[in-house]
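Consider the two complexes below, in which chain A is the common component and chain B and chain C are the respective partners.
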Partner chain A sequence: MRKLSGFAAVIAAIIGFSGLPALAADAQDSIAAIKARGFLKIAVFSDKPPFGFVDKDGKNQGYDVYFAKRFARELLGDENRIEFTLTEPANRVDLLESGRVDIVLANFTVTPERARRVDFAKPYFKTAIGVVSNDKTPVKKVDDLQGKKLIVIRGTTADVYFSKLSGIELVKYDQISDAFQALRDGRGAGLAQDTTLVLAWANENKGFSVGVGDIGNVDPIAPAVRKGNTELRDWINDTLVKLGKESFARQAFDATLKPYYGNVEPENLIVEGGNF
Partner chain B sequence: MPFSGAEILFDPANLARLGEGLIVTVRIAAISIVFAFLFGMVIGVIALSRSGFVQIPYQLFLQAIRIVPQIVWLFLFFFGFARLLGWNWSGETTGIVVFSIWGAAEMADLVRASISSLPAHQTQSALALGLARSQIYLHVLIPQAVRRLIPASINLATRIIKTTPLLVLITIVEVLKVGQQLIEAKILTNPAAAFWIYGLIFVIYFLICFPIAVLSRRLEAKWSAQ
Partner chain C sequence: MELDYPNMIASIPLFARAAWTTLWIAASGILLAGAVGLAGAFCLYLELPYLARPIKAYIEISRNTPLLVQLFLLHFGLKVDALPCAVMALAFLGGGYMAEAFRAGLEAVERSQVESALSLGLSHYETVRHVVLPQALISAVPAIGANVIFLLKETSVVSVVAVTDIVAVAKDLISLYYETAEALVMLVIAYLILLTPVCLAVWRLERKVKYAVFGR
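After this line comes the complex of A and B, so read on.
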């Protein structure tokens, strides 16, 4: 018996060193292991309002956090049974691969490159390109921009998308703040950028509104788990479907995003029941 | 309104959170500096040996630490070791280990350079007086080397302090990250928050580093008078 466990330890060490996913990690984020541990380990942003940020009392808040708390309530019966880990865009994949968190809920856009390294559940949010314009000369659809100037920020998805269209003259800026100032100064008929950003800006700047918010590829934003953890991913999917029946994404929108976006219709942004 | 938005600095809750972040920054930096200086002195004295058994591993160690950016070491120790070896060190432990190793390598080279820069006749005279090797180091070379070491080692200590914001990538919330959290939470209601918060953080870093600089100047003045 003693010899056998020594042998098993050697095998485990070889597997660990060879860079294959460690066996121990599989057990740590299984649903049984999470329940035994008693809390979920979830990575969220701490400085990206309104998705994940820290409020004035030092508590995690935002759209992502709203979902995280509900997941904890569904799985463990208490929304406070979460250990939040601060994440940055650059380390979201690593946190999952190293087994330091169970789930990443950090405005994580699904891309083919990322999907090779982590498993995405069904989306709970989506983002596209929106155009904000002066209410005196509103842009309601892309065709309204024909023959006019459009302000974009160099290198963004909006820049890439509109560069391929003909008939629209692009005015490019490097800084977001400069681009918005240019719109105020009337240097373009509109400004194109991520829908979430233009909505938030329009809400704070009277006389401007977002006439069109679903241009280009609509990118899904989804919770992610460690590659191969299908058990937890399936549980998240089932939970999102279940939450869709009570319009949970809309509740989350009203509670967290509405103060930033104002009275906009959330259909351009939220995904209900994982139904993208 | 030149002072608009400054009220963000007078909210006790904000200051308390910045204070917590500051404690994290200072704790990690201080422990790392102590370890770096202790291990650096020992390694630096050993590195004076011309033996290949010492020089080859020493150069490999030193160059590896210098060439690879600190951020890569942090990722390797925090994520890589967790994945490959199952070592789930906390972010703070990882930060202290990586900064101590980095600091020790830099310190070792400073110690080696400052001792070997002492004129050879110091050692020769001590030998002529009949001092043993260990006595030469303890009473002749190291006391003189420490004086030469002070400006460079203070520079190293402040570099370690100023590198702590990288720790955010291994999930540590230090003072600069707290500042960014405060700024971003107010992005729509207080556009001037960034100016005030970064201004305060500027003062905080100055207050951490300035006493070290003053101390080093005092020590230099005191020892050069002797």
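After this line comes the complex of A and C, so read on.
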């Protein structure tokens, strides 16, 4: 009995400790706190061109980063007053909940599961799910994947979507770059991810193409803040509406996305002024 | 912070299924590591020419590179499939540690034991089989036990090559439902359930061996 109660105490201690991070994230991300600190803390991708990536000079680039810099200019008067945190898809919620970043600008698709844990601002982009495959064994529709392996990146909308289907074996990687390497190595019949991303990747990689690009709904992609931080969310919304008047999303598209989607209509991808 | 207990209970079957994968990788990897380690230690003990140097190099390489790096090299570099890759990497890492454990055990057998056995007329094989090995294994038990526990815990990184072990299940639950605390508490409990019996078994074995040698 004594041994058993010791074991229970260990479990109780673990459960107790799990409550600590919630207290630690207390309001360091209010607008007053950000202005006092002097820089915005924003999470972006490091390996997801053309949305968020680190270029060969070590600088953060991409559509998300273009918006992040403008947010810093609007709030703090200088687009360089940002501390970028590089993230993976699965970490985006935790970065906000633990208070390590103020805003996530990492191609973050709005889903009900996510909306329970973070507050989404108005969208600035939109996408469906697409499957990229080797031209030798093309995937033209979702049924082509029955009984086969499909590579996904853990925590993405594609992961959630295909986890709910049966008959397709998912091969899950944490790193986007690892997942694409796995596709090159033939570890799956295809790779499912946001259509916008797989289109861009297929454009850069000969021998691969996007056979199906309209899986699921067209979902909004939006900046996210910590749950309950309505002040910062409202500020982002107001700023997006204001930027819409100068067609900022279109400028961001021309500056960052156009080289990747030469022939795609910008209106199919961008959301101007938060108007989804 | 309130934990979502119904969801934690609902995730038990997922963890249970993945626990078999973790155990399977650990068991095969540890057995292979034991075989590699014993063979390596023997070659060193017998001072076999040409083999000693490569084996020493192997021990240093396997013990001084992280399992994560070995996994990446096998999976993305040498294109080994996920599950065999996890077992091979664990065996590679464990082989080095096991070789050191067995070597220490073999070296703990005093020279006079071998000399006495040979002078009593035992063959080389009989000397190793009946005199050296039993004593060496007994001295090596604590180190081998520690290695077994260490290697079982090291399996926690294999999900980077898309193996669905219990860590992968926890990561999936976090990324699907964003219940980080719940998934991690379940993961800790899963590892405790896997490791506690192994720890107790190792502890009992050590006590038995100690009793056999020292009588108390």
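As a convention for this text, the second predicted complex is superposed on the first by the 164 of 276 C-alpha atoms of A that agree within 3 Å, B and C clash if a C-alpha of one lies under 4 Å from a C-alpha of the other, contacts with A are read in each partner's own complex, and residues count from 1 in each chain.
Please note the rule applied: contacts are C-beta pairs under 8 Å (C-beta built on N, C-alpha and C of every residue); 3 or more make two chains touch, one makes a residue touch a chain.
Just so we're clear, the structure is a prediction, and the values are computed from it rather than from any experiment.
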Open item on the list: After the superposition on A, what does A:Q181 contact: first (chain B), second (chain C), both or neither?
Closed with: second
Task: First (chain B), second (chain C), both or neither touched by A:G228 - done: neither
TODO: Name the contact category of A:E97: first (chain B only), second (chain C only), both, or neither.
DONE: both
- [ ] Please work out whether A:E113 is in contact with chain B alone, chain C alone, both, or neither, and reply first, second, both or neither.
- [x] second
Open item on the list: Quick check on the superposed pair: does A:F53 touch chain B, chain C, both, or neither? Answer first, second, both or neither.
Closed with: first
- [ ] Across the two complexes, find the residues of chain A that touch chain B and also touch chain C.
- [x] 19, 22, 90, 94, 97
Open item on the list: With touch defined as at the start, can you tell me which chain C residues reach chain A in the complex?
Closed with: 1, 3, 76, 79, 81-82, 159-160, 162, 164, 168, 171-172, 174-178, 180-181, 184-185, 188-189, 192
- [ ] Report the residues of chain B in contact with chain A in the complex, numbered from low to high.
- [x] 11, 13-14, 17, 75, 78-80, 82-86, 88, 168-173, 177, 180-181, 183-185, 187-188
Open item on the list: Please output the residues of chain A touching chain C within their complex, sorted ascending.
Closed with: 7, 10-11, 14-15, 18-19, 22, 89-90, 93-94, 97, 113-114, 116-117, 154-155, 159-160, 163, 171-175, 178, 181-182, 185, 187
Task: Residue ranges of chain A in contact with chain B within the complex - done: 16-17, 19, 21-22, 24-25, 46-49, 53-58, 85-88, 90-91, 94-95, 97-100, 200, 203-204, 260
